[in-house]
Each structure stands twice: as structure tokens, then as C-alpha cells.
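Below: a set of structures, written as C-alpha cells.
Across the two complexes that follow, subunit A remains constant while its partner is subunit B and subsequently subunit C.
== the complex of A and B ==
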């Protein structure tokens, strides 16, 4: 199924939390500021309802997104008040893919964990949590996965400040 | 060398004994099996038949720091690993040597500016004897570094008073 078919199906089964979609488009020749957009089409979802949405897509017989291929986050800029959550879904049975994105406010970066739906989300959420400071509520094992346990700050945030030293080793 | 530690004047006997002891040490530098990143692949190549680090008596890679003389820090050192490196180095018996292999171990390498968890050179954690440039260095460069280390050991004194050079 192509993206339009998937999106129509998501709309017709009324999957929870869907707020919109975006597709790549050509730049507008009249408007110089409109550079267009490349990349994949994606579905925009409310982060607070992401697990329900994923569960709905997993259990739907014609979508069958039974594999969460990836869950990451991005911090586009210091001024922007939002983090992007990017989820890549894959259906091995139906042989199609889907990109899902969520906008999460930086001040209150709390969202429910998707581990109850896709167990493979555990490590991905742990990494997002330590790198971007996102709290995943209901995560069974919310420790750091890559950074040391006592690391201060979230390194992939744009407003991250490098530490002066760590355990007596200079960082500069 | 305990009792004879660096207290004799130069004469035929002591210089020859020193030469012999240094020769023993430099001809059997056993490195520790210790690869952290891509430099370790080059280190493995040095151990294989084509380059053959065994020609210098340094082919016996030991799996325990207690049996090793040389720590080849081959790769990127991050803060989580730095404490383990210090611990492993402390567990090695004296005389012990360390080689910083490649740009990362020497000074942070490509991670110098934005690598938030990369130590900017392993010399901030353990004393380094030889630095090898390259990213990663060729196997020949590691052999060159080993030969430099052998020169350094050859110049050291075990029972003689150390030679003070300016």
C-alpha cells in the first residue's frame, strides 16, 4: 500500500491521535521563500496518544504495522519550542512502511511509553530519554543506556552546555 | 630491580647488565588485548602474518592486564571507558608502557569539538609513552611506534644511575 492508501485507511478506521499529514512538495516558483520539502511523507500524531495510535495500526488487519523499526527524536533549533519524535513503522506482512512524527513541547517533555505496544521501543526510548531529556511515562527500565549513570544534561539538545570536567578528567 | 635500583656508576659490568636487562624487556613487550574502535582493526592487522608484530617479540596479546607490559590504546576513549582504562593500567605490573594509537587516543581526533563524551586524549587518564598519528594509522605506523618504544626502553637504565641529558 502506498502512503495515500495508508493514510486513507488510518482516517477510515479513525486511529486515535491523528492531527494531520505532510507530503514532500516542489518549491513554489512565485514565492522565493518557499523552498518546498524533500523526504518522506509522514503522519502527524499527538504524542500523548502515540501508544494508542501504534496499537491501532499494529492490530488493524489491512495495515499490520507489527514492527517498530526506529524511534528517535530531533531538536531542530534553540528558538523552536518543540522536539520532534520520529517513529518508523514497518509491516513485514503487507510490505509497506510509514513515518510517524509527533511534536513535543520542550518545557514539558513528557509522553507515554510505547513499550506496552512494541517491546523493541525500550532501548530507543532510553536513548531518546538520555539524549533529549524526554520522560517516557510507564517505561519499565528508565536508566541511561549509553551515557554514564551520573551524566548531567542531555547532549543532543541544542541548548546543551559542555561540562567542564567529569570525575576529575578535564573535558576541554 | 629492588636492591640494585639505579645506584651504580657506569662501568663495564653495569653497562652490560643494563644492556642485557633492557634487551630482555624490549624484546618481549607483551601488549594487552585492548581495542576500542576502528584502530583495533589495524592493530589486528599488525598481529597477522603480513605485518607480523611477532618479529618484535610483541605478538603475545594477553587477555589480562596482569600479564601485559604494554597497553595499546587503539581507538576512541570516552568518559565511561576512561575510568576502566585507568583501572586496567593500574593493574598492569611495572615496568609498563602505553601507546596512544591514532587521532582519537592522541587528542580526541574528529570528536574534539562536538564529541560530548570523548576524552580529548588518553594522556589525561594514563601516562603515554608513544603517540602514533593517523586515522587510523597504517600497520607500519604502529610498528614504527613499537620500535620507538623499544628505543626508549633501550635508553633507560635499570641498575645504573640514570644518564641526565639536557
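== the complex of A and C ==
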């Protein structure tokens, strides 16, 4: 199924939390500031309802997104007030993919964990939470995964400041 | 152990543990005090600097917790600090056994944003190199797996063939391990004269040698005894954990990105029916055990040889790289490209705001995702099987930690 078909199906089964979608578009020749957008289309979902949304898509017989390929976050810029949560879904039976995006406010970066739907989200969410400071509510094991337990700050945030030293080791 | 989850041993002490051939092995119940054993961070069988904290009750494992991060080199942070082309050498360094595939994945993600066409000869060389690298990577996977569980000789034999493969890559790009050969827009340079016939000679020899390895290691009675019925991944577990690559096909799930979401020239290769996807059948024990995964990797090497031969047959002269400026400005947008690495789906998620530097450069390493299943597989296994299970996941710690 192509993206339009998947999106129509999501709309017709009233999957929870869907707020919209975005597709790549050509640059506008009249407006020089509008450079268009390239790449993949995606579905916008409310982060607080992401687990329900994933469960709905996993169990729907014609979508069957049973494998979560990736869950990650993006900090678009320092000025932006939102973090993106990017999920890549894959259906082995129907042989199609879907990109899902959630906008999560930076001041209150708390959202429910998807581990109950896809257990593969467990490590991905741990990585997200240490790198971006997102709290996943209901996560069974919310420790750091790649960084040391006592690391200060969230390195992939755009406003991250590099530490001067770590346990007496100079980071310069 | 900080995890609060309590594990139920999957082996019943009274019913015993099933063995290949219908026999059962019984254990005497010698409950002892729970003991925590640290395997690593420098244990040679963990394929890099990784630590697995194992909790054992006598010989029976009751819990296991992988600790990562010893090799964390901030690849994603570097991706947001250097220019698009400058990031390419860093891609070599996460899965250093399959650097060509990493180059390919990153280049394809950037090309998707740029929307450019790749010259046909470049695509041929890309496919050829990626498949040759897959053979090299699987040789290490199987060779070191044998080494982990006590078979030293096949490892040396397999390194001989891998050495030849690396010499071929050295001739085409000058590097033996970190190639940076596949570039955004094509490949670095054309194959030197006579290189393609050397690849053909490699294929001819490899087909003969492969048979030897298959008999020597994969079908070896001791190897089968050590790997069959151990570390069984069921179909549901594989999907739940998002496993990909040989880990998925080892549980008989028919999925290969090369066939099911074709990229580069794989569309044409599939139309010609030039290769097949080997699927495990639980021949030596239970479906989805360690032996099945090793078998899938061994069979995939021969399928890769078929693809290499297809490329050698169809390759024609032509340009190998388009007109790509030194400083790239990528149109704004976001793209995810997943390709079939030897270890599974290697995903690159790149975001551009129209500038010289990426906003986000996410790497979805297959080893990282595949390793997560360890926490589920280990409880109930015997302490001696730990190494057999870790080895069968075929992880490269450079990629789990990135």
C-alpha cells in the first residue's frame, strides 16, 4: 500500500491520536523563501496517545504494522519549542512502511512508554530519554543505556553544553 | 540487579532439557545462592568491549543484563556537527565488519533527500561491493562463533578467504577495513583494470571452500550439539523485539529488504530470480535456535556469490559518479532509508534544514536492536550456553554503542 492508501485507512478506522499528515512538496517558484520539502511523507500523532495508535496499527488486519523498526527523537533547533518523536513502522505481511512523527513540548517532555505494544521500544526509549531528556511513563527499566549513570545533561539537545571535565578527566 | 522483573526458568527441572534426537537431559536440583557473574567488559567472546551481568543459580541463569556504552563514540552527535560529505568516514566505524554497507545506507539516505540519479555502473559496483562485504562479514560471524564455542580451526580458514576479500577492496579503494568507497552520488573511482576478473576468481574459489566450511563447522556434530535447541527465538518474540536480518530468518520469517523493499539494482536481480532467501527450518533442533541462525548466515554467503556473479555478468562501462559539489547543500526535508546489512536492517534517518550540516543523523544499528533480545533469551539457559547465545546474535559492539 502506498502512503495515501495507508493514510486513508488510518482515517477510516479512526486510529487514536492522529492529528494530520505531511507530504513532500516541490519548491514554490514565486516565493524564494519556500524551498519545499523532500524525503518521506509522515503521519502526525499526539504523543500522549502514541501507544494506543501503535497498538491499533499493529492489530488492524489491512495495515499490520507488527514491527517497530525504529523509535528516536529529533531536536530541530534551539528556538523550536518542540521535540520530534520519530517512529518507523514496518509491515512484513503487507510489505509497506510508515513514518510517524509526534510533537512533544520541550518544557514538559513526558509521554507514555510504548514498551507494552512493542518490546523493541525498550532500548530505543532508554536511548531517547538519556539523549533528549524525555521521560517515558511506565517504562520498566528507565536507566541510561549508552551514557554513564552520572552523566549531566542530554547530549543531543541543541542547547547542550559540553562539560569541562568528567571525574577529573579533561573534556577539552 | 536493578530490574524488578522476575524470570521463570524456561527449563523445567523435572521434565529435563530436550536434546537433538529426542533424548532428554536431566539436571539434579542443586539450588545454591544466587550469584552474580560479570562477563566482560573485556571478555573475548563478547566481540568487543561489552559487559553482561549474569545472575546464576548454580549452573542455571536466572537473569542477564547487557551493559553497553563502553565504545560510545557519539556518532550521531558528530553527524550533527560535520558537513554531509565529511560524515561518510564515520559511517565506516560503527559496523566495521560491513563498512561498505554502512556507506551505502548513509549515501542512499542523503541521495533520497537530494533526489538524484546514480549512474548504472556505479550502482553495479555498489551492489557488488556490498555483497562481497556481506560475505566477509558472515565469514567472521561464523568463524568467531565457532571460536567462541571451541572450534579454532575453521576460524583460521575463514580468515584466509576474508583476507582475499580485503585485498580486493584494498585494490579498488586503498583501504582494508574502513573503505569510504561508496560516496554520495556514486562510488569513489572505477575498478582498476583486471579487478573484475579477480573477483570472478574469488567467487570460483570461494564456492569450493564454502562447501568445506559447511561440512567442517555447520554440520559438525559437536557444533550442532552446542547450538541446537539453545537460545530459541519464537516468531512472536522476533517481531515484538523488532529483530531483522538473519535473526528474523532464523525464526523462519520470510523477510529480506533486498527483495521486499527493493533498492539500487535489487529490483532487477529479483526479477531475474538470481538469488533466494534462505529460511531456517529447525532441522537440527527447535526452529529459531542458535544453529538455525548460523545456518542462515552460511547459506546467505552463497546467495551473495550469486548476486556478485549477476553483477559481473551485467556490468558495462560508464561513469561511476555524478557531478557532486564538494560542499553539499541538501534540500530541506527528512528521510529514512533502511537497507539489508549483514546483521539486519541498517536505518539512517536524516533531517536537513537546507544547510551544510545535518539537523539529525540517526543510525538504527541492527546489532543494537538485536542485542535487546538477550535479556529475554538468557534466563533458563545454562551458564555454558551464554557464549553460544551471544555469539549467535552476531553483534558488533562498534554498532551497538555507535
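To be clear about the criterion, the second predicted complex is superposed on the first by the 172 of 172 C-alpha atoms of A that agree within 3 Å, B and C clash if a C-alpha of one lies under 4 Å from a C-alpha of the other, contacts with A are read in each partner's own complex, and residues count from 1 in each chain.
The rule is simple: a contact is a pair of C-beta atoms (placed from the backbone, for glycine too) under 8 Å apart; a residue touches a chain by one contact, two chains touch by 3 or more.
All values reported here derive from a predicted model rather than from experimental measurement.
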item	value
Touching partner for A:167 - first (subunit B), second (subunit C), both, neither	first
Contacts of A:12 with subunit B and subunit C, given as first, second, both or neither	neither
Touched partner set for A:155, first subunit B, second subunit C, both or neither	both
Comparison of subunit B and subunit C by subunit A residues contacted	C
Partner chain(s) touched by A:99 [first = subunit B, second = subunit C, both, neither]	second
Contacts of A:40 with subunit B and subunit C, given as first, second, both or neither	second
First, second, both or neither for A:147, with subunit B first and subunit C second	both
First, second, both or neither for A:108, with subunit B first and subunit C second	neither
Footprint overlap on subunit A, where subunit B in one structure and subunit C in the other make contact	147-148, 155
In the complex with subunit A, residue positions of subunit B that touch it	79-80, 82-83, 116-117, 119-120, 124-125
Contacting residues of subunit A [partner subunit C, same complex]	24, 27, 35-40, 42, 66-70, 72, 74-77, 86, 88, 90, 92, 95, 97, 99, 118-120, 122-124, 131, 140-141, 143-148, 155-156
Complex interface listing, subunit C residues touching subunit A	2-5, 68-69, 72, 74, 76-77, 80, 112-115, 239-244, 253-255, 260-261, 331-336, 338, 345, 347, 349, 351, 353-354, 359-360, 362, 364, 368-369, 371-372, 376, 401-402
Subunit B-touching residues of subunit A, taken from the complex the two chains share	147-148, 151, 155, 160, 162, 166-167, 169-172
